[in-house]
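Two complexes come next, and they have one chain in common, chain A, joined by chain B in the first and chain C in the second.
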Partner chain A sequence: MTNVQQLALPIEGISCHAWNADRTQLAISPNNNELHIFNVSNGQFTKIHVLNEHDLLISAVDWNPVNNKIVTCSHDRNAFVWTYDSSSSIWRPTLVILCIDRAGLDVKWSLDGLRFAVTSGSKCVSVCSYEPSNDWWVSKMIKKKFKSTVLCCAFHPKNGQLLATGCADFKCRVFSTFSADVDGDNVDAGPFGSPLLFGEPYTEITALGWVNAVAWSPSGSTLAFAGHDSSIHFATLYPEGPVVQSVRFSHLPLSRLLFIGEKTIVGAGYDFNPMVFNYTSRGWTFFSFIDQKKAIESSSTSSGVAAARAMFQNKVTRGQDSKSDADIIKTKHESAITGLTIASSPNKPITKIATSALDGRLVVWDLPTLDINLNKLEI
Partner chain B sequence: ENEVNKLLLKKDKINALVTSLYNPPIGTKSIEIKDRNANIVEKVLVSVTDAEITGLIDSLDSESLDTLMKYIYRFMSKSSNCSLMLKLHAALVEKAGVGSIVRVLTDRKQV
Partner chain C sequence: MANALKSYLDCVNKTLDAALCLRNFPSQNVERHNKPEVEIKGGNKELLLNPVIIARTENERVFIESSVNSVRVSIKIKQQDELESILCHKFTRFLMQRSEQFVIMRRKAVEGYDISFLITHAHLEKLWKHKLIDFIIQFLDEIDKEISAMKIAVNARARVVASEFMKQFSA
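And then the complex of A and B:
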């Protein structure tokens, strides 16, 4: 059963959302400079904090499960790291100086919470790590190779030293974020073989449109990225180079990706409806939509007088002759989806995912109870 | 070009379309080559009757469908045979969906 919550006004919309470690709290930004934190219990969402440090729209938020810190980045070219002070029950912001001269667009923690990366319109990615001596976050830039806005980033799930980025110059690149201060001597190149220094690209894969979203599979061996040309590409990474499979689909482009299993990925985008792709022996293919459009019982009556009245009423209200099915939005979301996260507790099999959209709604999808045949998916 | 003419004479319109769409000149900067290719494709498309449209579109694979969509938009922008182009567009969208239109708009490699 899906849980639909209207957390912001439909004219505002939600620009991003993030859950805390045990999914009892949710942070959202209603498409403005505020960050709202909700307490979630038994399906009820209650707003407990409104955080107001940013000057312009908050474009992305991420909540780290290891150190319980929230990082937000905004169009005002800043990022804030929020730490919860339980003695006074408030969130304390720490400004991070990123040295970017355009808006920050996406921010992600690495899974161990030691660093986070902010992508920006100034053709660079800023990777920040904590320096305890001065109690602040130091940023280092990755500037190489980007020829345009960096739209999205994702850290490798096991290895905080690999960062995949998607750029508006149609390429997806994986960079090394190895830093001697943070990692010491543990250099780990993951599936790539020989390690590289900070800011060096391991690999570069071309798509045919802006790369809107990038995601790693749970084991880190496959990288998926979505292009604005309604395509999704899957790259299996080897030291010699990636092997890429591209899937072109007949719907509107995706703006977010999430792996829910080694062989299953959910994408959400401008179609208001999350899509599931899975890997079979024939390769990656589109499997189904998550929001199954049930046939709406048409309220059009069959008797003559009432039908005629309904027709004239439609003409008055909508300027149309008959109640056309195409006008009724059948999906739970009524606007483009902007956020896609796992809503069930981490370290357990994924049973719930959450999507937030520009219609101000957060929908939690309970995967086993949906109408799609999950047995075929091998989650 | 000769191949397409031969196939047209034989009234084998499906193969004529497939051949003309094969290997479109998206890499070249020369306007001449692009114009010649477009003329050939147009000749094939003009000879298609309404009833044959769905059969024709069903026989194309996904890459050719995207290429055909690019040509349809090119011809529409030049206002040539627009009514035919609109019918083809409608049939193509039924088959390939909104994604093919998105690909025409986002792909830098123009046909």
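And then the complex of A and C:
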């Protein structure tokens, strides 16, 4: 069943969330400059740490499963890498020399934990790696091609040298993040054939709206990105150029994407309801919503006295003549969804996903028990 | 008649539903700033969406300008004669002077319109989106009735005052 937790006040909302490697801890930011860390056991969430280092809103958080470090980026142009000090049971921040002069919007670790990328409003992406001599993280900037704020980024799941970015200039681009200090001699260009230097774009794909989210499939063979024009595009990358399939749907735009299998993707956004798309022989299509809106059983007030009383009650409470269905929000979330992650332990088949929204709720969806026909999907 | 109004309000409802997909977007021009992009003159064009005008008649329209973190909704109210014009002007001035109470109201209407609302992502974080849209639709629905009611009241009062005045001249 779904587990709904109100982790922040509805007035605050949750701006981002991230799980640790075995899903026993959760980091969220309640739409302000604090980072809250919760302990999760048996569906109970207890707050154990509150980390206060940023000055302005924390816009994104990511927790690496390999080195157990948390990275946060904020609108105050800073990012911090937090390391857990088990001797004193606190999280210590490490300085990151980010060199951006506008806010940071999104941050992601590469899978091996050797580097992370911060996208920013200064039309660049900062890729940071650790420098042990001074115990800080130094950055190299990707400045080429961006004409506007970079909204989102994602590292290739198998290869920390490919970074996909989505920008407010309507384009999704894949850059090389190869760095001799971090990678040494292992140059890997993934599906692109010939490798390029740091910061060089491999490919560029245009959408008709701001690219709100970008995600790689688990094997890295498909790149998906969501545009603000209620579209989602799937690109298979080749050295000569990408082959793109665009799916347009009649709902509100998506702001987060998550692959739960090679052929299944979940998107969440302004509809307050995660949607599933899957790949069939006819290509990628919309499959279903995750939150099936059950018909609300309204108390039968069709007969005389009870109906009249209900009508006057409505006039008093809402100034309306009749109870309209449009007033009741039928989805678990009451506000735009801001975070979408895998909630079941990694290295196992994906059975749970978690969504956090601006209504302060974190909902963990247990996929097999929901009403959607999972047999049609190949997870 | 009633159907035309309903389809007009439905259209405004759906357009606002789509336009109000806002996100917290820090300024890319000034560091540490977070301002509504729709209000910035000469602002970044890629952050603005195409403005939409929904017109019921030539004199009754809604102008929706949307951007990445804010939406400006301007309304032109039907004013058929001078008296309605004056009443509309006074009424909207009354509302706009108290715009803090209304939270989403703009203190000055956009050129060519009678009243404007500025909705930012911060409002959407605190208020329910469907209720906000309901408020604007209800406003559009009732403003005409309000102005007609005021006009009738003015005429009735004028008649009463005039007949009282004339009584002193009759026998």
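What we mean here is this: the second predicted complex is superposed on the first by the 378 of 379 C-alpha atoms of A that agree within 3 Å, B and C clash if a C-alpha of one lies under 4 Å from a C-alpha of the other, contacts with A are read in each partner's own complex, and residues count from 1 in each chain.
As a convention for this text, a residue touches a chain if its C-beta (ideal position, glycine included) is under 8 Å from a C-beta of that chain, and two chains touch if they have at least 3 such contacts.
Quick caveat, the model's predicted, so the values are computed rather than measured.
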Is A:Thr149 in contact with chain B, with chain C, with both, or with neither (first, second, both, neither)? second
Can A:Leu208 be said to touch chain B (first), chain C (second), both, or neither? first
Contacts of A:Pro253 with chain B and chain C, given as first, second, both or neither: both
Considering only touches as defined above, state whether A:Ser15 meets chain B (first), chain C (second), both or neither. second
Chosen between chain B and chain C, the partner touching more chain A residues is C
A:Asn278 contacts which: chain B (first), chain C (second), both, neither? neither
Output check: A:His228 vs chain B and chain C. Expected answer is one of first, second, both, neither. What do you get? both
Partner chain in contact with A:Ser179 - chain B first, chain C second, else both or neither: neither
Residue overlap on chain A between the chain B interface and the chain C interface 170, 210, 228, 252-253
Of all residues in chain C, which touch chain A in the complex? 17-18, 21, 23-28, 31-32, 34, 44, 46-47, 68, 124-126, 128-130, 134
Touch list for chain B against partner chain A, complex: 62, 66, 96-100, 102-103, 106-108
Can you list the chain A residues touching chain B in their complex? 170, 208-210, 227-231, 248-253
Within their complex, chain A touches chain C through residues 11, 13, 15, 31, 56-57, 59, 75-77, 101-103, 105, 121-123, 147-149, 168-170, 210, 212, 228, 252-253, 255, 269-270, 326-327, 329, 334-336, 358
